[in-house]
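Next come two complexes built around subunit A: one with subunit B, the other with subunit C.
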Partner chain A sequence: MFEYAPAPESRSVVDLKPSYGLFIDGTFVDPTDGGSFKSINPASEEVLAEVAEAGAQDVERAVRAARKAYDKVWGPMPGRDRAKYLYRIARLIQERSRELAVLESLDNGKPIRESRDVDLPLVAAHFFYYAGWADKLEHAGFGPNPRPIGVAAQVIPWNFPLLMLAWKIAPALAAGNTVVLKPAETTPLTALLFAEICQQADLPAGVVNILTGAGDTGRALVEHPGVDKVAFTGSTDVGRAIARSVAGTRKKLTLELGGKAANIVFDDAPIDQAVEGIVNGIFFNQGHVCCAGSRLLVQENVAERVLESLKRRMAQLRVGDPLDKNTDVGAINSAAQLERIRELSDAGSAEGAERWSPPCDLPDRGFWFAPTIFTGVTQAHRIAREEIFGPVLSVLTFRTPAEAVEKANNTPYGLSAGIWTDKGSRILWMADRLRAGVVWANTFNKFDPTSPFGGYKESGYGREGGRHGLEGYLNV
Partner chain B sequence: MSERVAVRKTYKLFIGGKFPRSESGRSYLVQSSNVSLASRKDARDAVVAARAAVKGWAGATAYNRGQILYRAAEMLEGRREQFVALGIPGDEVDAAVDRWVWYAGWADKLAQVYGGANPVAGPYFNISAPEPTGVVAVVAPERPALLGLVSVIAPAIVSGNTVVVAASATEPLAAVTLAEVLATSDLPGGVVNILTGAITETAPTLAAHMDVNAIDLTGVTDAALATDLEVKAAENLKRVLRPAPADHDWSVDPGLDRMTALLETKTVWHPKGV
Partner chain C sequence: MTATTTSARSELSELGRSETALRTFLHGLPGVDQVGAEQRAAQLGTRSIKTTAKAQAIDLAIRMVDLTTLEGADTPGKVRALAAKALRPDPADPSCPHVGAVCVYPAMVPYVAEVLRGSAVHLASVATAFPSGQAPLEIKLADTRAAVAAGADEIDMVINRGAFLAGRYKEVYDEIVATKEASGDAHLKVILETGELATYDNVRRASWLAMLAGGDFIKTSTGKVPIAATMPVSLVMLEAVRDFREATGRQVGVKPAGGIKTTKDAIKYLVMVNETVGPDWLDPDWFRFGASSLLNDLLMQRTKLTTGTYSGPDYFTLD
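On to the complex of A and B.
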């Protein structure tokens, strides 16, 4: 590998306070019955800030503030004015994007190249896109008089903290709802900076409330009787629990859950492009991606060539300091997630699959896992069935397109899939048969605010993004 | 000369395009007839039949599905008097036929209205299209026995789903007669399966079944049962349509909700380049 001099992004662009309160009714407040916890940098284990943990009374306060804002301000406000607030937020995010990107990488461990070039541009674009819908809802195809639902409880994961916030808050506000959002406990900081942006935008108090905390806070929030809508992105197990908890209520639910996507490479695919797509599919964001291409299905007659090329490419991946602009693969988000990845990878070896990683120096401190592939994987192996949510690829082979479809669909999940072939008719034939909400053909892991995203089967229900993304926030 | 002795009809289940009795051998007396009392096993058999029918029905062209559904409306119209003889008001039969025709026409329009091209910020072709979610369990409303039933079956199957319907327990004869309509409409066996009997017996099995993708609780009037069914449905994250309010007016324009609630949106990306 070429030696590059370090090219560190400056962390001085971020002005972190030592501690943060809850953002309720337009101001930062101390928790009434909660506690506090520390958010750390997963690349160094240093403490970044102390953050409030919301208790049940704080949830009550936040839901009440959101209700008041919905009844008095945001609900009655003309769509064109809601739009203007959302446009303001989009602009503020663009203006402060460097600061937000650095903070995202500090708190999450993702490479600055990704937070700067993927997360932040998409966050701003998402607000910009939905801003324009706020005064056009009657043209969105959901009937002549679509109405907001009310107060939305939103719980988001740690893999794309600010982007998931944008996916939740932008359509909710555009449709006229108010929100109480809980960011993940390991990555709360960009959501708190977003709260400051709401203040800067003079967004009316109570329209956006941010409650930091862990599972208990999230549970109290989604189970609160004053909530009309629940939106969750995270694991399928938690999604199931939420679906049970809203049973028998009026709450409208959308879920964006796990995945175990097949990335299918045919023998006529341009190998170099496919290998780039495989690498992007599983090593983007350390594999902490619900739609990651975690199962490589490669046609048997090219498997050897593809694997050889893939290994050569993997040896070029730079794993290390997330703030170094040369870094390709950053830190694993938490000790708990690292443990989960290790446990499943060990199961892969124990069940007989063959493990390979490129030679790779990992830092001494922080949470790290080298990019890893398993070959000789069968459909029965845990690493082929369970979501690892890390930089671990399981390689399986197939002979015919029908077999590829069969294997790709042989999972309770159905979030995404990839197809690599030069034959157009085969792409469309495959796309018709893959039970997945997003199909990337000759590309992978592409996202856009206009493009609906969401799963089939146990990957959840509802769509985020595009015109479809409004439906979950409207009474239609 | 003595009066002619009528030939009476046996009312049975409708599973996989056939009319079996309940495997349990049970029936119950309702509307002056013995009607099959479906068991949990019948419900599971119906799911197997519905699953087997998905590939052909979802894979049929939208035009073909529309033709078949329109044909069903023709058959329904032809049996108007038979439904009236069951005590269904003539107006309701007319409304049911009209509703069926309305939904039939959606078969080849849904993808255009509900899908479309997405203008992504990059050199990519990007399109979203709706697809059926798969096997749908339906608890039909107790009444109106025909219009209510048609209003829950047609929106589910028009997009390519297959259904297992727990029919009205108190007025099941309209459902069995509708099954006879469907059996003579070129509708492939298994696309619609109808269970008569107690929903307390069949619905929990359907709600908990791991090979059912969605459940429509429209006809559940007991709130505790509805909650229990929704909890069971969470196990494999079934799409859930909650019960209709008791005063729901089945005669009004139904809108798209019942169709769209049972659809998945698939988005396909491809780079543009030379």
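On to the complex of A and C.
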């Protein structure tokens, strides 16, 4: 047997402070009412740092700082000068990418292989890409001299903390807006390190403000009357509440919500690569991905073969220490999320689906869930309808392409879908009929800053990324 | 072997009787998505193999080396030296394992055989008008018989790429069958020359064709064309031997050859073997590296691990 020795990435590149304040108007300040909470490492439950909890008065301060920066500095600044700051931030992110990757893995639980090879390169790429747009907005297709909106309130989730920050902040700043961003309460640390990078880049005070806190902080922020634009990525329930609170105001809103994507494998698919795509679709980032391919639809005449290959491949997944460079699947982000995954998985078993996981030893401390597939799942099962947001795949079969489309679309969500076939015409035929914002062909979970991303139906509205991503931050 | 694999095996052995049956079968194999295969190979290359795992991998890689010299300038003296090195790669360290085999041209086989006699190191000879394969069949078979008669116990043959690319699969099949017969008890390694096959679909088809015709090993390259072994090509071949064993119960070995020069590269291949076909193939009987300069790098890294100091190339014999 060829056993890989532990290959841990060093933690020493990260210089964590015991506590962090709020980043308002270019400096770290204490919260007005002094509240705080702890951010832990989900792989060990160790406390990483104490983080300030922003209250209503802090939101007021941050929005006012953002308004002042918008009126006096960032709004009037020529696009080419805004671009200089964005390029500088992008370069600093690249320079400090190892530090950011290690911190992301510590705070989130995702494997270092992913934060190093996927998250951080994409974060830098997003800033580089939108830096390029800052002085070319007239050519973005929104008419002559498009204007920014003003102050953007941005609330982001815990699954890709720094990447979601980049998706929000880069286009907002390129278009000339200023932002107040609230990272998720379980993963605030890389956003705070990003605030340090803004200082290092000499970004004018108030252009980026970071408020840490939980749901109450987020609510106070999106409901604040001084905000012109609200951008939210997270659950459909919270997205609905935000849409309600924003209704009837002048605020412009974009929402990127949940998903229950179908990954559709036809009998002429390249099987080995399809299996890689299935694994990447659902076990990437522990399945904490809104566009995860959580429903596998496989043509019945190859179902047995695909499942055999899938199980063999799953047995190779290395679950464990997120900082080990050979880890494929890390820790579940929080106790609450683990509870939800367990509850839905138990429902899957109770409703009669057959559960399978490869043998794997899970660590004693921290939050862990073995990669799991359910076979014999029907459209009526909860695990085929509700977003699990964990490493749990529901396998369904289909007979004809029409049935595949019907099953794939039979969900209130519509964020993403995958098609696996060697036949180009079938890819186009399917893509025309799938009600999903992103359709991947013979690949899955591929992201690029030039490519717009967003959903249909209850997966939200508005697009992030690409030229389209500017629209949400321009008065058009 | 189960009843189903036995019947599958006899069904598959019928395929070689007809051009149509061969074509239908080979073109019915699942396709290979180029982007996906290359991405998977690259991902396997990011594994971090350190300390004890590295030491284990280096010794295994040394045992898997087919120490090769295939030059017009080869002399009896040079191949004897190579054979001596194959037996004791690191004269300063008796714990260093011997390599898998020595691989030479047929004319050099007798000189190598003298040195290797009685040892566990195999003697491989290229044959069948290596590297182009552009000779009449009877000459290729005579080449093979001569190599075996001179003492080779492994034959590295080249397939007829022209016939393969033109779709004359039966011609390729029949040549492999004939060469296998001419090899007698010697193990037959079938060189696909993947650099000339152009697509991964072709690599998969050629792999199956070689296995169906009775090849004991499938090998990527001659080392004589610009594109030699690559990770994605080897991945497709490993998937083929895995699927072939599943279908027939017969295990076939894999030998990437050409372009693998560093310990780091070799370890990437071992990781790929480990995670694609599993420990059954992590053995010199089932996986080999066709290489020459790789061995010295393995020895230097091995010395670095055992002594803690990195000695320069002057401390290892040049071949």
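By our rule, the second predicted complex is superposed on the first by the 473 of 476 C-alpha atoms of A that agree within 3 Å, B and C clash if a C-alpha of one lies under 4 Å from a C-alpha of the other, contacts with A are read in each partner's own complex, and residues count from 1 in each chain.
Quick note on the criterion: contacts are C-beta pairs under 8 Å (C-beta built on N, C-alpha and C of every residue); 3 or more make two chains touch, one makes a residue touch a chain.
Everything numeric here is computed off the predicted structure, so don't read it as measured data.
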item	value
Fit or clash - subunit C, subunit B, common subunit A	fit
Greater residue coverage of subunit A in the superposed arrangement, subunit B or subunit C	B
First (subunit B), second (subunit C), both or neither touched by A:Ala214	neither
Partner chain(s) touched by A:Asp448 [first = subunit B, second = subunit C, both, neither]	first
Contacts of A:Ile427 with subunit B and subunit C, given as first, second, both or neither	first
Angular separation of subunit B and subunit C about subunit A, which is computed from CA centres of the superposed model and rounded to the nearest 10 °	120
Subunit B versus subunit C as contact partner of A:Pro270, first or second or both or neither	second
First (subunit B), second (subunit C), both or neither touched by A:Gly248	first
Partner chain(s) touched by A:Val73 [first = subunit B, second = subunit C, both, neither]	neither
Subunit C versus subunit B - closest C-alpha approach in the superposed model, Å	5
Residues of subunit A at both interfaces, subunit B in one complex, subunit C in the other	442-443
Subunit A partner contacts - residues on subunit B that touch it in the complex	113-114, 116, 118-122, 124, 126, 128, 133, 213, 223, 226-228, 230-231, 233-237, 239-240, 255-257, 260, 264-271
Subunit A residues touching subunit B - in the complex, by the definition given at the top	125, 141, 143, 236, 239-241, 243-244, 246-248, 255, 257, 412, 427, 431, 436-443, 446, 448, 450-454, 456-458, 460-461, 463, 466-468, 471, 476
Interfacial residue positions of subunit C with respect to subunit A in the complex	30-33, 35-37, 39-40, 46-54, 56-57, 60, 239, 270-271, 274-275, 279, 282
Interface residues, subunit A side, partner subunit C - complex	1-7, 113, 117, 268-274, 276-277, 316, 325-326, 422, 442-443
